[in-house]
Amino acid sequence: MSTEAIPAAPATTLGRANHPAARLLIARHHLRWWETLPWLAAAAFYFVFPDYLGFGTSLMITILFALSLDLALGYAGIITLGHAAFFGAGAYTVGLLAFHNIWTEPITSLMLAALAAAAVGVASGLVLLRTQGLTLLMLTLCTMALLQEGANMAHDFTGGFDGLPSLDIAPVFGVFEFNPLYPDTQYLYTLAILFVCFIFIRTLIYSPFGQSLTGIRENLLRMHAIGAPVRRRLVVCYTISAALAGIAGGLWAQTNAYVNLSALDLDRAATVLIILILGGYGRLYGAFVGAAAYMALEHFLARIYPTAWQLGLGLLLVVVALYARNGMLGLGEVIWRRYRARRTAS
Amino acid sequence: MNAAIDFASILLGGLAAGTVLFIVSVGLSVTMGLMGFVNLAHGAFAMFGGYIIVLAMNRAHFGFPVALALGFLGTAALSVVLEQSLYRRLYRAGELDQVLLTIGLIFIFMATLTILVGPQSQPLQLPSELGGQINLGFMQYRTYSIFLIVVGALIVVGIWLAFERTRIGAQIRATVDNRRMAESLGINVDRLFTITFAFGSGMAALGGGLGAEFLGLDPQYALKYLVYFLIAVSVGGLGSVVGVYYASLLLGTLDFILKLYLPKGGTIFIYVLTILVLLWRPQGLFGRKSA
Amino acid sequence: MSKRVLAAIAALSISGGAALAQEVKVGVVLPYTGIGAEFARQMDRGMELYLKLNPDQVKPYTITLIKRDSKAPSGADAKIAVQELLTQDKVDALAGWVYSPDAIASAPLVTAGKKLAVIMNAGTAFITNLAPDFVRTSFTMWHAGYALGVAAAKTLHAKTAVVAYSDFPPGKDSLDAFKAGFEANGGKVIDAIPAGGPGAVPDFTPFFQRAKDEKPDVLFVFVPAGDHAVAVAKTYNALGMRAAGIKLIGPGDITQDIKLQDMGDAAIGLITMHHYNADLDNPENKRFVAAWKKNYGADSTPDFTAIGAYDGMAAIVHAVQATKGKMDGDAAVKSLLSWKFDSPQGPIVIDPETRDIVMNEYLAEVVKGPDGKLHQKVIGQIDHVKDECKAQAVGPCAPKK
């Protein structure tokens, strides 16, 4: 009723909301039916492939890691080749706490992992995000390499290349234990964490903050011109992305009961970048599609041709790069549009 | 006196290591600077060329110079084929799509070499005249390192002359400076790129072969050393030949000196140096501000 | 999708068509791609050759190898491979592991899976403490490192040594082992130089220059076998360290047989300690090397990675016979305690206390043979060498309470 105190305002809002563009914008963040598909698939996987839960767990961790990268790369346009720095920070937080029997409760450990990774993120972000392009790429990469070398030099503490073995992780909620042989708990636990993180990310990117990130990516100058605090937004986004990567790393350490230097490896950072580009960046579900396609192909090709599976993977990447713009989701969209166009034409 | 000789030998070793880095990276710098194409498969070309050179010597018993020529030409030819069929289609695509394509190519190169030649590394058997030690007047030093340093210097002078004195060189410089302007002046940028791309890949092949003495040569090569190539390019400044040369030599020698006096620091120096340089000059030592 | 794809080696012919042949499935976890791919191929051949050469030992069982790529040594991929081998393929035994991180990460699964798990390469000493079903037929860095420390002081009469090592656990283990053996016998390690990492090959010049300036009697080097070792020999020669009176010594990793010819004349005079080289003069090894060259080409040669896999397969076959093909984990492991075998490397025993190998260590010098090729000439021998890390309960090797 108080709105009546401001005459004309409701009418204008109403009028704008009726505009097709406005309707599109408002409808954008509404849940669409197909958005339930990944979760239905994940649930179905649990029942249909009980023998593959170890693989399924590592797939979901990669999805979460790729989602965290999407926030930085896809939405804020921060091109980084050092995202494993945060994955590793999270993994080592969980690993060191568990190895030295300081803290083994899984969910709070993940929060600590997120905090540690966020700390690395904010510190490096403040320094590095002044640059862009190849320079930023190399700076993020070198920062990650430094962390890895540091972890190697502190091997008395971190276990170095051989890592921290046989981590003891307390049961989830004090009830559900992690069984290495039948990783049911690991799978469902990871699925739940992924779901919570996903809801958070989805809400974030459709919030005004998320929209301003897209603005920065699309037109940096204009965002500066309208007075948006560009640097600060970028650093905040980078930090959130780092925290999520830290959760992925923490999950990796918990479900494997093991951490070593590979958590901070360039291999890991490059693979997640490839996965995200393969799926399609800046579109939320690219992480799902890319990770599923890349990892399933790798996993099953490697079983058939343990020595030559990289050939198949390479061909997939080349084909997608040539025929798709913005990954497999982009390719799917093109095909879908053509199909729709043909149907409406006929 | 002894300390001075030690220092000189470390300096020479660093210069030789830097020279290898330069020969491989120079092509990457030019293609990235010229077309803005992120060609991560550049290391794969170096690997491919290195394989041609080493196999030509070990299996077909060609001499070192002939093998080097074969490696250069074979890799340049392959790169033209790939450029025409694959790279060309992604010139106007985003850099991330280019990353996807070129990482895919790396995988294909790695798997193909593993299948065809095997996972083992390929040794470079130097001709005997390059094998031993050479007397520099004040000290003995590894002949091959001195040979590399000289070759590297000749190459950089050669490329510099080609850039400054030839028509194509002028066109390349113009295109790096302002591509649209160059195109509107009637420079055939596509053809220009094909030529530079082939040349850069051929140089990478030479680097793969010449550097095999230090870096080895196996199917992992393309990924293993990619970071170092990228570091040389970014520290030197995109598109700058002289920049890559100085950056490579600087990184090579500083890395050696720091390792001699502070061995516990291990491998971190090259990363620390890169971070410091790039924070100080984001465009690289010899890059242009706009890049 | 096919249920499982078998890289199967049927190693027997059933005499008289008696369909009694019982299949024993062995899950093999090796890095078939990446930097370890060459090791994986050597080890594949080692296993395969044991089955080919010893059909009588295998009879009446069929050994089927199910191979999985452990990829980069992060532990994670090896772990998924082991989990699937145990729960999907229901293997009777596990084998392989080139990299210690992969074996360490797999330990909880091996414990839970209760199947014999034969480590055929991974060399970090404490791994066998992590799971009761681990049995190792390869080596730890302490075997050769400690023995060489003793030999350097006693046989080579060295007083001072500088150690240069690749900065990862096998390197540090080697350093500790050598130092323990050397200093217990009156020697002194005057400097320990971390010389780059195990991934990319570093230029060894600055590290060796530093060592040269310190003028030790011997320079002990541990680097991964392969390109690293080739670069070590070349740099040692290039810096004229031999002329300066410094002997280059190391565990046999640096004279791995498959790399020896690549090292060229630079390698002549190199002195190493190891449990195997292809030139060992005993009938069993002669037979093994001849069969190897016949099967895989005259230019190919077995090496210490192949012998770990060969002996490992022998151990598995022994366990199969002892348990009558049942391969219950506890019984299989038990059958291997104190198991003796005449390997091409000489007599080996599995230590019943630690489930680790006990074997002879050979001090060998690289020489040029009349055939113009490089060979390793045995100049000393220490019998029945145990893993000193566990024997002396050093650091993480002490059993966990």
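Chains here go by letter, A, B and C, matching the order in which they are written, and residues are numbered from 1 within each.
Following the convention adopted for this analysis, contacts are C-beta pairs under 8 Å (C-beta built on N, C-alpha and C of every residue); 3 or more make two chains touch, one makes a residue touch a chain.
Bear in mind the structure is a predicted one, so any value in this text is a computation, not a measurement.
*Asks:* With contacts counted as defined, which of the two, B-C or A-B, has more C-beta pairs across the interface?
*Replies:* Per the contact counts, A-B leads.
*Asks:* Of all the other chains, whose mean CA position lies farthest from chain A?
*Replies:* C
*Asks:* Could you give the separation in Å between the centres of chain A and chain C, each centre being the mean of its C-alpha atoms?
*Replies:* The separation of the two C-alpha centroids amounts to 39 Å.
*Asks:* In angstrom, rounded to a whole number, how far apart do the mean CA points of chain B and chain C lie?
*Replies:* 36
*Asks:* Using the average of all C-alpha atoms in each chain as its centre, how far is it in Å between chain A and chain B?
*Replies:* Centres of chain A and chain B (C-alpha means) sit 34 Å apart.
*Asks:* On chain C, where are the residues touching two or more other chains?
*Replies:* Only 33, 37, 40-41, 167, 197 qualify.
*Asks:* In chain A, what residues contact two or more other chains?
*Replies:* In chain A, the residues touching two or more other chains are 152-153, 307, 309-310.
*Asks:* Scan chain B for residues touching two or more other chains and write them down.
*Replies:* Only 114, 119, 264, 266-267 qualify.
*Asks:* With touch defined as at the start, can you tell me which chain C residues reach chain A in the complex?
*Replies:* 1-2, 4-5, 7, 30, 32-33, 37, 40-41, 67-69, 71-76, 79-80, 83-84, 86-88, 100-101, 104-105, 107-109, 111-113, 124, 130, 167-169, 172, 197-198
*Asks:* For chain B, which residues count as touching chain A in their complex?
*Replies:* 32, 86, 89-90, 93-101, 103-112, 114-115, 119, 227, 230-231, 233-234, 238, 264, 266-268, 271-272, 274-275, 278-279, 282-284
*Asks:* In the complex, go through chain C and note every residue touching chain B.
*Replies:* 33-35, 37-38, 40-41, 167, 193-197, 199-203, 205-207, 209-210, 213, 226-227, 230-231, 234, 238-240, 258, 262, 264
*Asks:* Okay, in this complex, where on chain A does chain C touch?
*Replies:* So the residues of chain A in touch with chain C come to 51-52, 54-55, 58, 152-153, 155, 160-163, 165-166, 179-183, 252, 256-258, 260, 262-263, 265, 267-268, 299-300, 302-304, 306-307, 309-310.
*Asks:* In the complex, go through chain B and note every residue touching chain C.
*Replies:* 2, 6, 9-10, 13, 17, 114, 118-121, 123, 125, 133, 140, 142, 145, 213-216, 218-220, 224-225, 228, 256-257, 259-260, 263-264, 266-267
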